[in-house]
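I have placed the structure first, in the form of C-alpha cells, so that the comments after it can refer back to it.
Going by the order they are written in, the chains are A, B, C and D; count residues from 1 in each one.
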Amino acid sequence: MAQYLFLFFAAICAGGAVNLLIQRKTINSALSLIVVMGSLALIYLLLGAEFVAVIQVIIYAGAIMVLFVFVIMLLNAGEEEQAKGSRVAKIVGIPGLFIGGIIGIWVLLQHAPLQKTMIPIGALYGPADQVGMMLFTKYLLAFEVTSVLVLIAIMGAVVLARRSHS
Amino acid sequence: MSALTFLIVAVIKIVVTLGVLLTVVAYTVWLERKVVGRMQNRWGPSRVGPFGLLQPLADGIKFLLKEDLTPPYVEKHIYLLAPGLALIMALTSIALVPIGPVIHLFGISTPVQITGVVDSAGHASDINIGILVILGLTSLGVYGIALAGWSSNSKYSLLGSLRASAQMISYEVSLGLSLVGVLIMSGTMSLNGIVHAQLGTFFQGTGFGFIPRWNIFQGQFVAFFLYMIAAFAETNRIPFDMPEAETELVAGYHTEYSAMKFAMFFMAEYANMVTVACIASVMFLGGWSGPPLPFLPAAVQAFLPLVWFSSKIFFFLFLYIWIRGTLPRFRYDQLMSFGWKFLFPLALANVIVTAFIVAIRA
Amino acid sequence: MTTHFQPWLIPILPLVGGLINGLFGKRFSKAAVATVALFFTAASFVVACGHACILLNSGADALETSYGTWIRAGSFSVDFGIYLDHLSMIMMLVVTGVGFLIHVYSVAYMEHEGGYYRFFAYLNFFMFFMLTLVLANNYLLMFVGWEGVGLASYLLIGFFFLKDSAANAGKKAFITNRVGDFGFLIALFLLIQHFGSLRYATLIDITSHFPVETAAGFLTAIGLLMLVGACGKSAQIPLYVWLPDAMEGPTPVSALIHAATMVTAGVYMVCRSNFIFSRAPIALLAVAIIGTLTSFFAATIGITQTDIKRVLAYSTVSQLGYMFMAAGVAAYSAAVFHLMTHAFFKALLFLGAGSVIHGVGGEQDMRKMGGLRKYMPWTFATMTIATLAISGIPPFAGFFSKDEILWQAFSSPHGSKAFWFLGLVTAFMTSFYMFRLLFMTFFGEYRGAQPEAHSAHGSHDDHGHDSHQGSPHESPWLMLGPLVLLGVLSIVGGWVGIGHRFEHFLDPVILNVSADQNALPSAEAAATPAGGEQEAAGGYTDTEHLLMYLSVVVALAGLGLAYLLYIKSPELPAKIAAGIGGLYKLVLNKYWIDELYGAVIIGPLLAISRVVLWQSVDQKAIDGTVNESAVAARDVSQVVRMQQSGLIRSYAGWIAVFAAVVVAYMVWMGTR
Amino acid sequence: MIPISWYLLLSAFLFACGVTGFLTKRNLITLFMSIELMLNGVNLSFITFATRLGTLDGHIFVFFVMVVAAAEAAVGLAIIISVYRTRETLNVDRVNLLKL
C-alpha cells in the first residue's frame, strides 16, 4: 500500500520536475513546480513529518509560489525565447548529467544499509509541539538570526521593488 | 471498525457534508439577496416559489443551461483549471471542521467530522494540525483567482487577480496570527481538541454558570475581530472586494467567465464564507459546544450541538450580508496600509500578550 | 575628607566652561561667551580658595584623593588622583586667581577680534590643563596637563592663524616643547622601571630609603631628564627660543601662559620632584647652572630689544632662570616664592604692555611710543609699580623673593658665590632694561605714528581699533581693573616673605625629604637654624642684610643708568651701540641662536626628510611596492578576467562541474 | 515499508532537475524556480534522514531552509522586477553587462 502511494506521489513529483524543465511558458513551469511541492508535502506525510508537510504547503506552495505567479503575472513573462544552447553545455553537461545520475543511482542502490533500512508508515516523527520545542530551545539563536534575516529581506525587497522617484 | 465500514462511513460523511454545504451555499445566496433587498427597501427574490425559496434552484439551472463560451486568446488549460481549483480548495476545507460531537448510529460511533475518527477510548480525534491544513488550503485557494485573472488575458481580469493575490497574501498573515492566540490558549492545533478545550462554563455554581468557556470570552475577542476582518479580506467580500470591484473592473478576475465556470467561482466564494464561519465558530465560539440547557429533554439534548453550530454559522453568514449591506468599499492603498500597518501589528501584539498571560498562568 | 572637599571641581569647572564655549560659543553673543568664561573661571577660583582653607585648617601635609583607576597594567596602576599640598595650593591659587583677572582683562582686550568664543574656549581649556598639571597626584596625570597646556599655548600663540608669523611661532613652540617632553617622558619611564609607580606619595617613601648619589646614578639620570623637560616648558637654555616668538599670540595669552603660569610649570615640576633632586646633587647642580646662565643670558638680550613684548619675554626667561637657580640651590620655597611674585608683576607688566599696545593702536615698537604718561596715567602707574617690583626695589614684591633667591644662592650648601654674583649682575641688568622700557614708553614725548599715517596698525598684534584712530588713549576700566588689582598684589605679594616666613610655609613639602638623614638638607632646612638664632634681628643675619643692601643698590644703579641713558641724554645709547658695534649686533640678534639652530638642527633634518625619507623611502620603496603590486594584479586579472563572461549560467556551469567532481571523489572514497 | 534509498533517489532526481534547469533555462524566473527545486530536493533528504535517525533536527533544518527560501524569493523577485524595469528583458543571457 505505502509503496504504491509513495511511487504514485514520487511519479507526480518527478513528472512535475521534468515538466518544469520542458515547459516554455514560465507560468506552466511555475504550476508544475507547485505540483512538485504539493506532492512533496504528501511524501513528507508518508515520512510522518506532518508539520513540515503542512508548512511546505503553506510556505512554499502558499506563499513563495504565489509570489512567483504574482511576479509572472506582473511582468507578463510569456514565452522564453529559445536561443541555441552553448556548445559546452551540450558537450559537457548532458553526458555529465547522465554519468552523475548513473553513479548516484548505482551508489544508492548498491549501498546495502540504505536498502535495508525501511521506514515504517504512520508513525509520527515530527509532531508540531516537539519541533517548536526544539526550535525555541536548541536552535533558538538560529531562529532569532533567521527572523532578523527575514526582516532584512523584507526591507530589501521593498527598497528594490519601489519605483525610484528621483 | 473494519476498513470497509470505515470507508463506507467516510464516504457517507463526505457526501452528506458536501450536500449540506452546497445547499447552505445556495441558500446563502438567496438569503443575501433577500436580506440586502430588505436593507435597501426592496423585496428581493419573491417570484420563484414562496418567498422566492426556489430561486437558487432556478439560478443553478440557468447557469447549467447558459452558453459556456471560452473567449479567444485565453490560456486554455489554465483558464479551465482555475475555477475548478478555486472551488475544490473552497470545498475541501470543510472536511476538517468538527461539526458535532461523537454520534452513535447503528452501533457505529463516529464524530460528525469528515476527518474525524474515534480512538480506542471512544473519544473523537482528528488531524492534530487541522487548523494548519485549513490555512494551507486557503492559501492554495489564491491560485484559483490569480490564474483565472491571468489566463483570461484581459486587463480587468489581470488587475483583479493581481489585487486578489496581493490582498490575500497580505491578509493571510494577519489571519494566521490572529489564530495563534487561540492555539496558545488551547494548546493544540487539532480543531477537535480546540472545541473540547472550550467545553464547560465559567463561574460554576454562581448565577452566571451559563457562560460557556469560549475563547472569545477568554480574552481572545481582539483576535476574534482581527480574524473576522482578515477573513472578510480573504474571501474578497465587501468591504474588501477589490478583486471584483464591479465599478472599477467590470467583474474583476472572473470577468471573462460565464455559465458554470462563473458559477464555480461564485460557489467557491460562498463556500469560503461558510468555511470562515465554521472556523470562526470553532476557534472562538466553541464550535458545537454551547451553554448547557439542562431543562431540555434528552432527545433534544442530542441535537443541541448541531443546533448551536448551525446557529453560529447562520450568525456569521448574516453578519457577512449585513456588512455587505452597510459598508462601502475600501480604496486599494487603504486596504494595503490597513492590512499591514494596523491588522498585522495588532495581531502580533495579541499573540505576545496572550503568550505572556498563558506563561504567567502556567 | 568632608563633603566640602571636592578638589576635582577646580579643574573641571574651566573644562565645562571651555566645552560650552567651544561647542556652542559660535551661536552665543560676545557678552554670553564672556559671561560663561568668567563665571566658570571665577567659580574655579572660589572653589580653589575654599580648598586652600580646608588644607590649611586640616593641618595635614597633603590631602590626596583618588577618583578611580585610569590605567592598570599588572602591578603598575595610575589613578585619576588629586594631590593637594602647600605647593600645589599656591600654584592653584596663582593659576586660578591670575587666570581669572586675565580673563576679565581679555573681555575688553579681545573685543574687536574675530573668534572671540574660540579665544575664551582655549583660555578655559588652558586653565583646565594647567590645574590638572598642578593638582595631579602622579606624574602621568601631570604629564597630561603638561601636554595639554602645551597644546593650549600652541593654539593661542597661533590664534591669529592667518598670520604666517603667528602660525610658525605656534609650531615652533610646540616642536621645541616636544624636545623637552621627550626628556620628561624618558624620565617617567625610568621612574616606572625603577620604582614601579608614578604616584608622588609612593615615590616619596620609596626614595626616602635611597642614599644620596654622589656619583651619577639613575636618580641623577631621572633628574637630568626632568630638567630637560623643564627647560622645554620653562624656556631655559637651550630650549628657550620659542618663548620670544610666542609673543605673536594675543597679549593676555602672553600674560597668562607665557609669563604667569605655564612657563612656571617647569619650576613647579622641579620643586615637586625635590625628593629626587635632593638625592641627585649633580642634577641639582645642572639645574642651578642652567638657571643662572639663562637668567644672565636672557637679560643681556633683553637690554637691546625694542619690541615691548619681546623685552618682557626675555625678562620672563631671565626671571625663570632665577627660579631655576633657586631650585638648583635647593631653595625650592624661594623658587616658588619668586614664582608667585613673578606671576603677579609679570602678568601686570604684560597686561600693562597690552594696555599700551591697545592704547597706541597695535604698535609694539617702543621707539614709536613715549610720553604715554599723560595719555594713560593708570597704565603708567601700574606699570611703574610692576617695574619697581621686578627690579627688586623694596618694599615691592620682587625685592623679597629675589633677595631671598640671592641669599640662598650665596648661603645654601649647594649654592656658590658664582651663582650669587651672576644673579646680582642679572638683577642690575633687569632693573636697567625694565626702566629702559618704562622710560621709552611713558616718558619723553609721543613718537608714535600720526592719525593719517597709521602704517604699523594691526601689524603685530592684530588689533582692530578702527573706532579710535590717532592719539593714544587710556584703556577701558575693564582692562584697568585687573591692572590695579595686580598692582596691589605686586606690592603686598612679597610681604609674606619677610623674615623667612615663606620658606617654612613649604616645609611640609620639602622637609618630608630632608627629614630623613640620608637626603641632602634643603636650603631652608639649613638656613632655618641660621635665622633661628637671630630671630631678634628680624630673622636676618648680618651677611644677609649686607647682601640685601647690595641688591637694592644694584637695582637703583640700574634705574639710574636707564634714567641717564633714556631721559637725560637719549642720544647716548646710539653712540654706545656704535661704539661696541660687534657686540651690540651680536646681542641685538640674540646671539644668532635661532640661526644657529636653523643651520645645525632644522636644516639637516629637513634635508634628510626630503631626500631620504620622502624621495627614496616613501616615493621609491613604499609607493613603488604598492604600484608594482597593483600592476601585477592588473596583469594577472588581464588573463583571468576572460573567464568573466557576464553569463550567469556559465558560472553556474562551472560550479556544477566542480561540485560534481567533488561528489564523485567523495563517492569514490566512500565506496572503496 | 519503503527503503530509504527511494526517497534519496527522488531527492537526488529533484536536485539534478534543478541543476539542469538552472543550466539550461534562460528565463530569470525559471532559473529561480530551478533553485527552489534544488532546495526541495535537499529538504526531502533532510526529512528522510531525520526520520531514519529518529531525530527532529532534520525538520528544523528544513524549516530554516524554507524561511531562507522565502526571504530569498522576496528579495530575488524584487531584483528580477527591477532588472526587468531597467533591461526590459528576463533573458539572463541579455543581462550580461557585468563583465570585463
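Rule of thumb we're sticking to: a contact is a pair of C-beta atoms (placed from the backbone, for glycine too) under 8 Å apart; a residue touches a chain by one contact, two chains touch by 3 or more.
Predicted model only: the values in this text are computed from it and were never measured.
The minimal number of chain-to-chain contact steps leading from chain B to chain D is 2. Placing every chain at the mean of its C-alpha atoms, the farthest one from chain C is found to be B. Chain nearest the geometric middle of the protein is D, using mean C-alpha positions.
Set against one another, A-B and C-D show the most C-beta pairs in contact at A-B. Between chain A and chain B, the centres computed from C-alpha atoms are 29 Å apart.
Annotation: 74 Å between the Cα-based centres of chain C and chain D. Work out the mean CA point of chain B and of chain C, and you get 89 Å between them.
Each chain gets one centre point, the mean of its Cα atoms, and the points for chain A and chain D are 6 Å apart. Multi-chain contact residues of chain A (touching two or more other chains): 51, 55, 63, 67, 72, 74, 89, 93, 100. In chain B, no residue reaches two or more other chains under the touch definition.
Residues of chain D found to touch two or more other chains are 19, 23-24, 26, 93. This structure has the following touching chain pairs: A-B, A-C, A-D, C-D.
Chain contact summary for the complex, chain C toward chain A: residues 649-650, 653, 656-657, 660, 663-664, 667, 670-671.
Contact residues of chain D toward chain A in the complex are 1-10, 12-14, 16-21, 23-27, 29-30, 32-34, 36-37, 40, 43-44, 47-48, 50-52, 54, 56-57, 59-60, 62-64, 66-75, 77-82, 84-85, 90-91, 93. Interface of chain D with chain C (complex): residues 19, 22-24, 26, 31, 92-93, 95-100.
Against chain D, the residues of chain C that register as touching in their complex are 641, 644-649, 652-653, 656. Residues of chain A touching chain D in their complex: 2-3, 6, 10, 13-14, 17-18, 20-21, 26, 29-30, 33, 36-37, 40, 43-44, 46-49, 51-52, 55-56, 59-60, 63-64, 67-68, 71-72, 74-75, 77, 80-81, 83, 85, 89, 93, 97, 100-101, 104-105, 108-109, 111, 114-121, 125-126, 130-131, 134-135, 138-139, 142, 146, 149-150, 152-154, 156-161, 163.
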